Amino acid sequence: MSAPVVETHKLSMLYGQSPVLREIDFKLLPGYGAFVIGGNGAGKSTLLRILAGMAAPTAGGALIFGRDTRRMSARYRRRIGMMAHQSFLYPNLTARENLEFYAALYGLPEPRVSAETWLDKVGMAQFADARVRAVSRGMEQRLSAARALIADPLLVLLDEPFASLDSDGAAIMARLIREALDRGASVVAAMHGVPAIAGTDFQVFELARGHLGPFTPKEEETTAWTGARIRSLLHR
Amino acid sequence: MSAPVVETHKLSMLYGQSPVLREIDFKLLPGYGAFVIGGNGAGKSTLLRILAGMAAPTAGGALIFGRDTRRMSARYRRRIGMMAHQSFLYPNLTARENLEFYAALYGLPEPRVSAETWLDKVGMAQFADARVRAVSRGMEQRLSAARALIADPLLVLLDEPFASLDSDGAAIMARLIREALDRGASVVAAMHGVPAIAGTDFQVFELARGHLGPFTPKEEETTAWTGARIRSLLHR
Amino acid sequence: MSPFAAVLRKDLRLELRGGNSTLSLVALSLMVMAVMVFTQAEAKSHDAESAAAAIWIAMVFSGVIGATRVLTAERENGCIRGLLLCPIDPAGLYAAKLCAAFIFMAIAEAAAMLMMVLFFNLDFGVPLLRTAPILMLGALGFAAAATLLAAISSRTRAGDMILPILAVPIYVPALIAGVRATAAALGGAPMGAIAQWLKIMVAFDILLVTAGCLLFEYAARED
Amino acid sequence: MSPFAAVLRKDLRLELRGGNSTLSLVALSLMVMAVMVFTQAEAKSHDAESAAAAIWIAMVFSGVIGATRVLTAERENGCIRGLLLCPIDPAGLYAAKLCAAFIFMAIAEAAAMLMMVLFFNLDFGVPLLRTAPILMLGALGFAAAATLLAAISSRTRAGDMILPILAVPIYVPALIAGVRATAAALGGAPMGAIAQWLKIMVAFDILLVTAGCLLFEYAARED
Amino acid sequence: MNRNIRTIVAAATFILMIAALFMVFDYAPTEADQGIVQRIFYFHVPCAWVAFASFGIAALSGILYLWLGDRIWDDLEYAAAETGMVFCTLVLVTGSLWAKPIWGTWWTWDSRLTTTFILWLMYGGYMMMRASADDTAQTARFGAVIAIVAAADVPVVIASVRLWRTIHPAVIVTKEGGHGLEDPRMVAALLVSLAAFTALYGWLLMLRFAQLRARTRLGALAREIALAYAAAGDD
């Protein structure tokens, strides 16, 4: 079997004295997806930041393509696509200009072309020339996804990819994830108990109290976002 | 019957030449809640900004407590609580300090006390002394809700209140909405097809192509966030 | 606690949290002083005039940056919008911002005076004390103008750069008066001699502060 | 298109988006000049020294603002993080940022020179030409230092304001050299006379630029 | 209607200008110690006064705009500020032209000159702001604020010759009080050219104002149309 894309050894993270991640051992093979489910403050974003090399773990380490995240050269960074809480988009540039810019930085042969194609893919072609400052939040989220995926990374890190997307947006997002997997890329996505996805090429983990374990779907978890539960709450 | 809290007359909004809201006529009575459902870029945030007096409509107008939003005096602003996409929280102040600050600005007798109570209410007591810069996104969302509701406003405007909250957070948020309604306050919340809420004191509207109409739950709308649909997409 | 107090307290707290504005204002005036002194190393004795010039230049620049700082602090997470949603009257908000900017500048000024004494080896004493009120008047007026205009410049696309272009000229008359007064005071002139200059400055301060209180609302409003 | 070119192009574009920024740069240095002149109006005849002082103060000011702008532009939406995720080596990024800041300052300088000639009614000619390289060297060095430091400060809580603090001690030696050189050049001293100053500046520039290229990565990296 | 007024004013300007030229260069006597150069005076001073008046108008309409919120005041303010800018520039130019022969330099940092230059700078800043921002209600408000604050310098300019030691003459109202124009014909010439420049100013102002009005109306119409389409339901 092929070498794992992500491999962490006793990965631990402290902020000050408070532990956020505790000796996480986690492995992800090419072409596989992992969904990290966890509550607010569970440490999902922290984990993703570490995997992206944006933050250094306090103890233990993470290997991406066999390379320690603490010293990833450009060659390795090239293969990673990170979609974080922040969109990394310049408010005063237009959607197209932003994508073109990043495409250029990722050394794509035809920045303009790939910008166009990705604007289409995320359904933003119509707003290509709108300043990012002036687009709605969901649109910014879509652009952020395009930015992360524009260079066809082999490791895709998504932090709450479905947040503030409408149903079409969610569908697009899901399709993009699917495509990435089919491309042979690996995907790590952080979410809040949704969606409960079956399928052989998905592992679903739960991040709680700093430990990463297999996810056991509890009813109210998976349906947190559906009307059912909230109705009951609103009418108790 | 009592005078409406929100009343818009042919409310229209253009950005440049492109229309976002078209002659919206909308009325909300005290103690009632309205959920505005709409896709990305439908104009939900714009509508809420106008109701909060943060933006001036291009044509038509909106009355809050019978007062035009264009010239709302402090007395009227006092009664409105707005939770926008941006959290309005100072990254370098702690959670408590932020809430205290806003409590003071809203002229509450005991800023410190109400800050405490609201930190409890949104389940952030434990992070009271963490800089907002250092809290997770969901936590910031919770604090943002606390900030908006701390002065017990009579009109509560919520822009995607459930975004990036975990199930507990969502439950808390729902409870807060419930409480506000029971208090006799009116609530306008913008969302993406979720949650489909029944109940006599709720109206659910759909904002599409600039028109605000009654919401007709389509299956894939209401279940957009549940596993079902996304699974099917991932495994098309 | 009044809104004014709340806002001011918040600003100062943020400042102490490592805003370091004041420190860097001091540093900026240090640079100005250095430039002023070293250009005239052996050229001519550092007389009252050049000392006055130096300190006022320092003030103008620290004022420009200080005022910008006070208002850009509100931009992260759109806090300024949050403020404007609150039931506080803009005048109070302006007053608080003005106060904050003034305090930063005043501290920077104090430091600048110290440096001046050292750089231009003046001797401590009455003349020096006389300059203090002059500089404070100056700082107040400039803070008033800069704060009002920073509310504008912090939101026009031309950005921070448009502030000095607007604020400095508006202040120049008072600036000239101030420099003359300072020079005179350092030269050992009695209070009476500089009274006429002080009158001008006071007039300007009153004018600018009132203008600020009245106009800030329009400068800060969002829509 | 190389990353360097891409970043630089993006920065300049943002700068132009900022609304006639070059114009406001001219105005900015004009302000500095004006303040200098007013403050010294009757102090002394406007000689080479005060001209040199004016232009260097203009430089420090525009440098601080310029470098800060170049890097604070990256802070909104955490763009700097996005940049550092890209497969570009930090040195290239630094070079681009440095370039942007330098261009920014160079324009300001050119404007300042013109102003200087008018304000201090100097006459165009060889002495003036001699100052050009001095100023450019100065601008380069300052941009190099300021950009590196802005990278640090744009992430510290202090935000942009900490920049001057850090910039001062590092840059002051070169500053002094530059000021003396300019004064000398304007005074009509031959190239030989100012060579010693130039040497110091060149040394500093080399030092600062290399330091920047090497250290920028650590200055800008997140963890 | 107001086109007719404009043509009338234009005609008046023309006639008055002819008259002024005659008065200045033929009727008025040559000043004793300055000689022919002194005749610049008759252009220099009216320009200044017109500029002041214009900035005053700008400030007033600024206040009215903030108060009443009607875009017409914003247009007037913008027009006045710009036209004032033109005449302020003329003051600087004529002044410098005068200064060269009299003081032997184009420019000196005399307080009157300085303050005038400052005035010019401020409205330069005003125009930069308006140029850099796109034409919205916010920009209009900003403009009003700046116009109001900037006007504060006008009295300073006027007072400058009295407040500070200066080489710039104060003739109309001398420091001792009473005017220092020895010959009544000079006064006449000054008054006529003053009238001429005022008329010229009025004409330019009207032109610019009308233009800005048209622009605003155009914008409003475009919005109307867009709204109509919006109401009709197609984009």
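Each chain carries a letter (A, B, C, D and E) given by its place in the written order, and its residues are counted from 1.
Everything below uses one rule, namely that contacts are C-beta pairs under 8 Å (C-beta built on N, C-alpha and C of every residue); 3 or more make two chains touch, one makes a residue touch a chain.
Everything numeric here is computed off the predicted structure, so don't read it as measured data.
*Asks:* Which one of the chains is farthest from chain A, going by Cα centres?
*Replies:* The most distant chain relative to chain A turns out to be E.
*Asks:* With chain centres defined as mean CA positions, report which chain is farthest from chain D.
*Replies:* Between chain D and every other chain, the largest centroid distance is to B.
*Asks:* Averaging over Cα atoms per chain, report the distance between chain B and chain C in Å.
*Replies:* Averaging C-alpha atoms per chain gives centres 40 Å apart.
*Asks:* Centre to centre, by mean C-alpha position, how many angstrom separate chain A and chain E?
*Replies:* Roughly 60 Å, centre to centre.
*Asks:* So the centre of each chain is just the mean of its C-alpha atoms; given that, what is the distance between chain A and chain B in Å?
*Replies:* 27
*Asks:* Quick one: report the Å distance separating chain B from chain D, using the average Cα coordinate of each chain.
*Replies:* 46
*Asks:* Please set out, as single numbers or ranges, the residues of chain C touching at least two other chains.
*Replies:* 17-18, 156-158, 162, 165, 169, 172, 176, 180, 222-223
*Asks:* Quick check on chain E: which residues sit in contact with 2+ other chains?
*Replies:* Within chain E, the residues that touch at least two other chains are 111, 114, 118, 121, 124-125, 128, 132-133, 137.
*Asks:* Which residues does chain B have that touch at least 2 chains other than itself?
*Replies:* Within chain B, the residues that touch at least two other chains are 56, 92.
*Asks:* Sort out which chains touch which and give me every pair.
*Replies:* A-B, A-D, B-C, B-E, C-D, C-E, D-E
*Asks:* Going by the contact rule at the top, pick out the chain A residues touching chain B in the complex.
*Replies:* The touching residues are 15, 38-42, 45, 85, 127, 134-139, 141-142, 160, 162-171, 174-175, 177-178, 192-199, 202, 220-227, 229-231, 233-236.
*Asks:* Which stretch or stretches of chain D touch chain A in the complex?
*Replies:* It comes out as residues 1, 3, 6-7, 10, 13-14, 17-18, 73, 76-79, 81-89, 222-223.
*Asks:* Can you list the residues on chain B that touch chain C in the complex?
*Replies:* Contact set of chain B toward chain C: 52-56, 70, 74-75, 77-78, 80, 82, 84, 86-93, 97, 101-102, 104-107, 111, 132, 147.
*Asks:* Within the complex, which stretch of chain D touches chain E?
*Replies:* Interface residues on the chain D side: 18-20, 23-24, 27, 30-31, 34, 37-38, 41-42, 46, 118, 121.
*Asks:* Give the list of chain B residues in touch with chain E in this complex.
*Replies:* Residues 12, 14, 17-19, 22-23, 56, 58-59, 209-211.
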